[in-house]
Amino acid sequence: MQLWLIPIFPLAGFLINGLFGKRFSKGLVNVFAIGAVLLSFAWVLKTISGLGDLTSPYTEHYFTWIQSGAFTINWDFSADRLTEVMLLVVTGVGLLIHIYSIGYMAHEHGPHHGGYYRFFSYMNLFMFFMLVLVLGANYLVLFVGWEGVGLSSYLLIGFYFTKKFATDAGNKAFIVNRIGDFGFSLAMFYIVKTFGTLDFNSVFSRAAGIPESTLTLIGLLLLVGATGKSAQIPLYVWLPDAMAGPTPVSALIHAATMVTAGVYMTARSWPIYTHAPAALETIAVIGIATAFFAATIGMAQNDIKKVFAYSTVSQLGYMFVGVGVGAFSTGIYHLVTHAFFKALLFLGSGAVIHSLSGEQDLRNMGGLRTKIPWTFWTMVCAWIAISGVPLTSGFFSKDAILLAAYQHAPWIYWVGTITAGITAFYVSRAMFLTFFGSYRGHEHHIHESPAVMTLPLAVLALLSLAGGYLFPVPAFLSNLFPPMEEVENSSLMAISVAFGLGGIALAYLMYAVKPALADSFVSGIKGLYTLVYNKYFVDEIYDATVVKPLVGGSRWVLWRGVDVGIIDGLANGIATASRGVGGVLRLVQSGNIRSYAAWVVFGSVALMVALGMLAGGAR
Amino acid sequence: MDAFIVITIIKLLVIAFVLLTAVAYLQWVERKVIAHIQVRPGPYRVGPHGLLQPLADVIKLVTKEGLLPSYVNRPLYLFAPFIAVAMALLSIAVIPFGPTITVAGYSTWMQLTDLNIGVLFILAVSSMGVYGIALAGWSSNNKYALLGGLRSSAQMISYELPLALAIVSPLLLSNTLSLRDLVGSQAGDIFHWNILKLPFPQIVSFIIFVIAAFAETNRIPFDLPEAENELVAGFHTEYSSMKFASFFMAEYLNMVTVSAMATLLFLGGWEAPWPAAYGSSLVPTVIFAIAGLIAFYHASNPPHKLDRYTFAATGVIFLIIAAIFLAPIVQSWLLPLFWFLAKTGLILFVFIWIRGTLPRFRYDQLMGFAWKFLFPVAMLNLLVTSFLVAWRS
Amino acid sequence: MDVVLFLIFAFIAVVAAINVVVQTHPIASAVSLIGVMGSLAILYLLLGAEFIAVAQVIVYAGAVMVLFIFVIMLLNAGAEVKRGRSLLVQLLGAPLLIALLGLLAYFVQRIFPRNVTVHFGGFTGGSAQAIGRALFTTYLLPFEVISLLILIAILGAIVLGRKELD
Amino acid sequence: MTQVPISWFLTLSAVLFALGVAGFLFRRSIITVFMSIELMLNAVNLSFVTFAYEYKQVNGHLFTFFVMVVAAAEAAVGLAIILTVFKNRATLNIDDMDSMKD
């Protein structure tokens, strides 16, 4: 089926725009960038229709990448139904966001700051690596994509590299991801040690015969990698800062695709996890903790993108819960629907920011409902979807997770349900503050975004509403993952829906009907609010416990002590000694060629004398 | 063994005598041809139509005082003309003039010696010929001579490359390095000659060869080493009498050699252009007969009084020669010799003809022409030829 | 006959080689070296290496030495100046040289007995055809590499000879 | 005895080589030194061809061939270097070329 064609188009787009984009007009850049993703999407569709039923994975071998003794790593791509789902999400949502970016980035220019072509070449590079990640048939190829998306994420977060906070955010994302990747690498080493291969098929088919302790260790190490990439506790801190990048980047990378890589990877590794229940349990706990924790922070944020960033962290927590309770397909289901409505939320907020010429603070918005109706109505779709209003896509996926969680452990269900209420509350808060009430800012030229931006919004709005029916992911993936019990529990469903609607109502009361109520409520729980507003001081704690000691240790012990004292001392000592010896040998180097020749002749004479004596002795 | 040595000595003497006479007369022919191109009679005083002019020249050069300038590097100054003429004569040794002949029971080749690497031998010897000119230029201790010598060595090194490359293509077609076998491979009609042989006619390499040969022999339009208006007389400024004559002789001998080479490599050597069955053996007879008749015609209305007799005598001689060509005993070796000499003479005539028509190159043009035009074209031709030869086999 | 030929040309080669070393003027050395090469070519013929003999004349005598003479003429190099500074060579040069020659001759005489002899026609494998065949089969890779080397040498010479380079 | 002992050829080669070394050691003109190197190469070539005769193999000839080609390349580059050196320093004395000392 030529799977390699899928990622090769964005790579070509990246190379063309990256190498020659400087000379291209914006239109030409668009043609290559969008065209690459469009071709890729088209090829995905053709592949999926061509692969048909796909009960067993379809693998294509390209070349042997690493060969060392019996250990071989091939550059293989494979496709099963999970891959197909991911391919559709990545290329489909990616295509919409690329189109949207034409409008959003239209005002970017200049070689230093904007670099229109730079943006699109990075986006294409990201698409390439993300597709490699999804298509890879073994952990190492997956890891190539994994690191590649990290690189493109870094490049795009630091897109405005003349601003310090952007580059800092890029560095932070990169470094925090390194910690996760460290765990991932260790996991791969263990897999190689245990299985002797990194190939998915052979690893998974043999997982049943491996001791549980080993599998738990591998599972936990993989989880470390997943928490880094998918922004789970304790490595979630980079994601909110990553909003420094342009909004389409936030939508594509930090909401819809890259951050779900951790979920994808853990779901992909389900044969390992099913034999390591402890690791699976850890995933569920971390997921639900992250979901709740991030949701509470989301309530107190004033930056519209920060709200959605914490919302993303929280929703990713849901996906982990889905995976962690053993309902792998529900996690993927939520991944898909979340990609629709969260991308829509980000793109909508981007449209808001765009129409307000860069304003991001909720306190300076308000009453935009009539001024930018397209944006408003599309965002409403996302709003009700994320809030779990019945019959929207978010409702189905979230409910599936919560039901599975209830079967696994009821307390997870209850925490999840409360979180759902909180989620509905803070998203509604953001919506009310943005679109209702009266306008509190200074901007006078509020304008609706161009069609090239609103059209993707409309498509995503449709998907947010109807995505639950259109893509019945659990049914589609049912033969891939271990079967789950089909449960219908309408009371539990009703409870979670009630929590969601309650959250919306509360937000309506506090931010639309009586705005003063919110302020008085905040002043009532001032201590708690400060704690939440400052994100539980997690960044500060990390700074004090990890960053400061590391920097200090590096400076005083490693630099002054080890580097200057021992290593430099050693090197300088060797150099001094060599110079002394060289000073003696220099007398031989007279610079006179004839002297050198005499030495050569002397050497050959000596050699011949020695040879003659040896030969004589031998006789 | 003894017979071999005797025959070789006889051949040596014959070839040396004929060749040196021919060279002397080549000079006469050149003067005559150029004179006629310039519409003047040329040498006319010594002998009928100046026919004895070469003899007079030889006598003049031999009896002239041999000057030995005081400032020259004497050993090399004396050695240089010797090298020049020796190398020119050496290459004649391997050139075959015709097939095997049988005289008084002994059969031998019309060739001094046959090497199975004859072509390489000629290349080697001709590359040594540079020394004569370069050393002459240097040992004269004269700036014009030095510049002439420098120019000639640079020119000859440069043009040796396209020359060698042009030679390789016909060698590929013939698949031998022996000059005798080379002719053997071109036997038949004109379409078996390398210049027209399939799969790839060597017209281009023939032209390159001739151009490079002009440069190798320092002939117009490539006679930069002896450009008299820039360098007085170039490398032989300081030479006189027989030493000067040696250089002169070497140049004409080299002309003969390269013409013979061109004949052997491209024009089928002594092979007739079409088979004897279709009357090619009658061609010399016809030519000489016509020449004799023309001579008789001129004798009947002579421009000068004496011509009545000289023309008549010439006509008789021509008719006798025409008759000799009909004799079956001599035909076997006289016909190949005729064809060989006719082709070589044709190329020699081209040499003279071009001297009478073309101006001289500028020095940088000369070098640029060799490196930037001739060399790539020769290379391309070689590539195509070798590809086609490989394709065919 | 073979002995006579060998002795004549070996004698010429040695005398010319001594001349290369003894002559103070480069051009005299160069002409002597051409003499060495020419006589070596004859000895190659004696050893049955006809292609190598011709290549010796074409490449060494006809091209390399022409270059030498060309450069000598271009630089107008005169007789060399006696201005040595190498004490080592002055003291040790001659003894070392005699030792080298003595050892080489000793090894040759000891290792190669006199019963292996050379006569003209004793070996006929050195034809152009044989060499070409070996060159394009066994020695194809060295042949290609060496053509690359020539290309690099041409480029190097051109770069070094450029006027802008000082 | 009309045949030449093979050791004579090798001795001739040794003598020529030693003369080349002598030229390298005792001559001061860089061009002559260069020519001495060529002399040494020629001496070695002679022994190659001699060995080829002794073993009746063509390999020695090929070595000689390669040595010749390398020598030609070396001459081209070496003479270009000599020209450049002369252009910059106006000297051909090899003892004046010692700037690689420090």
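Each chain gets a letter, A, B, C and D, in the order it is written, and its residues are counted from 1.
What we mean here is this: a contact is a pair of C-beta atoms (placed from the backbone, for glycine too) under 8 Å apart; a residue touches a chain by one contact, two chains touch by 3 or more.
Worth saying up front: this structure is predicted, and the values here are computed from it rather than measured.
Once the centre of each chain is set as its mean CA position, subunit A and subunit B turn out to be 84 Å apart.
Once the centre of each chain is set as its mean CA position, subunit A and subunit D turn out to be 67 Å apart. Subunit B and subunit C have CA centres that are 33 Å apart. If each chain is reduced to the centroid of its CA atoms, subunit C and subunit D end up 5 Å from each other.
Contact with two or more other chains is made by residues 51, 55, 63, 67, 72, 74, 84-86, 89, 93, 96-97, 100, 104 of subunit C.
The residues of subunit D that reach two or more other chains are 21, 25-26, 28, 95, listed in rising order.
Residue positions 590, 592, 594, 597-598, 601 of subunit A each touch two or more of the other chains.
In terms of inter-chain touching, the protein chains here follow a pattern that is not a line, ring, star or complete graph. Interface note: chains touch in the pairs A-C, A-D, B-C, C-D. On the subunit D side of its complex with subunit C, the touching residues are 1-12, 14-23, 25-29, 31-32, 34-36, 38-39, 42, 45-46, 49-50, 52-54, 56-59, 61-62, 64-66, 68-77, 79-84, 86-88, 92-93, 95-96.
Against subunit C, the residues of subunit A that register as touching in their complex are 590, 592, 594-595, 597-599, 601-602, 604-605, 608-609, 612. If you check the complex, the residues on subunit C that touch subunit B are 27-28, 31, 34, 50-51, 54-55, 57-58, 61-63, 66-67, 69-70, 72-74, 76, 127-128. Those residues of subunit A lying in contact with subunit D across their complex are 589-594, 597-598, 601. Residues of subunit C touching subunit A in their complex: 84-86, 88-89, 92-93, 96-97, 99-100, 103-104, 106-107.
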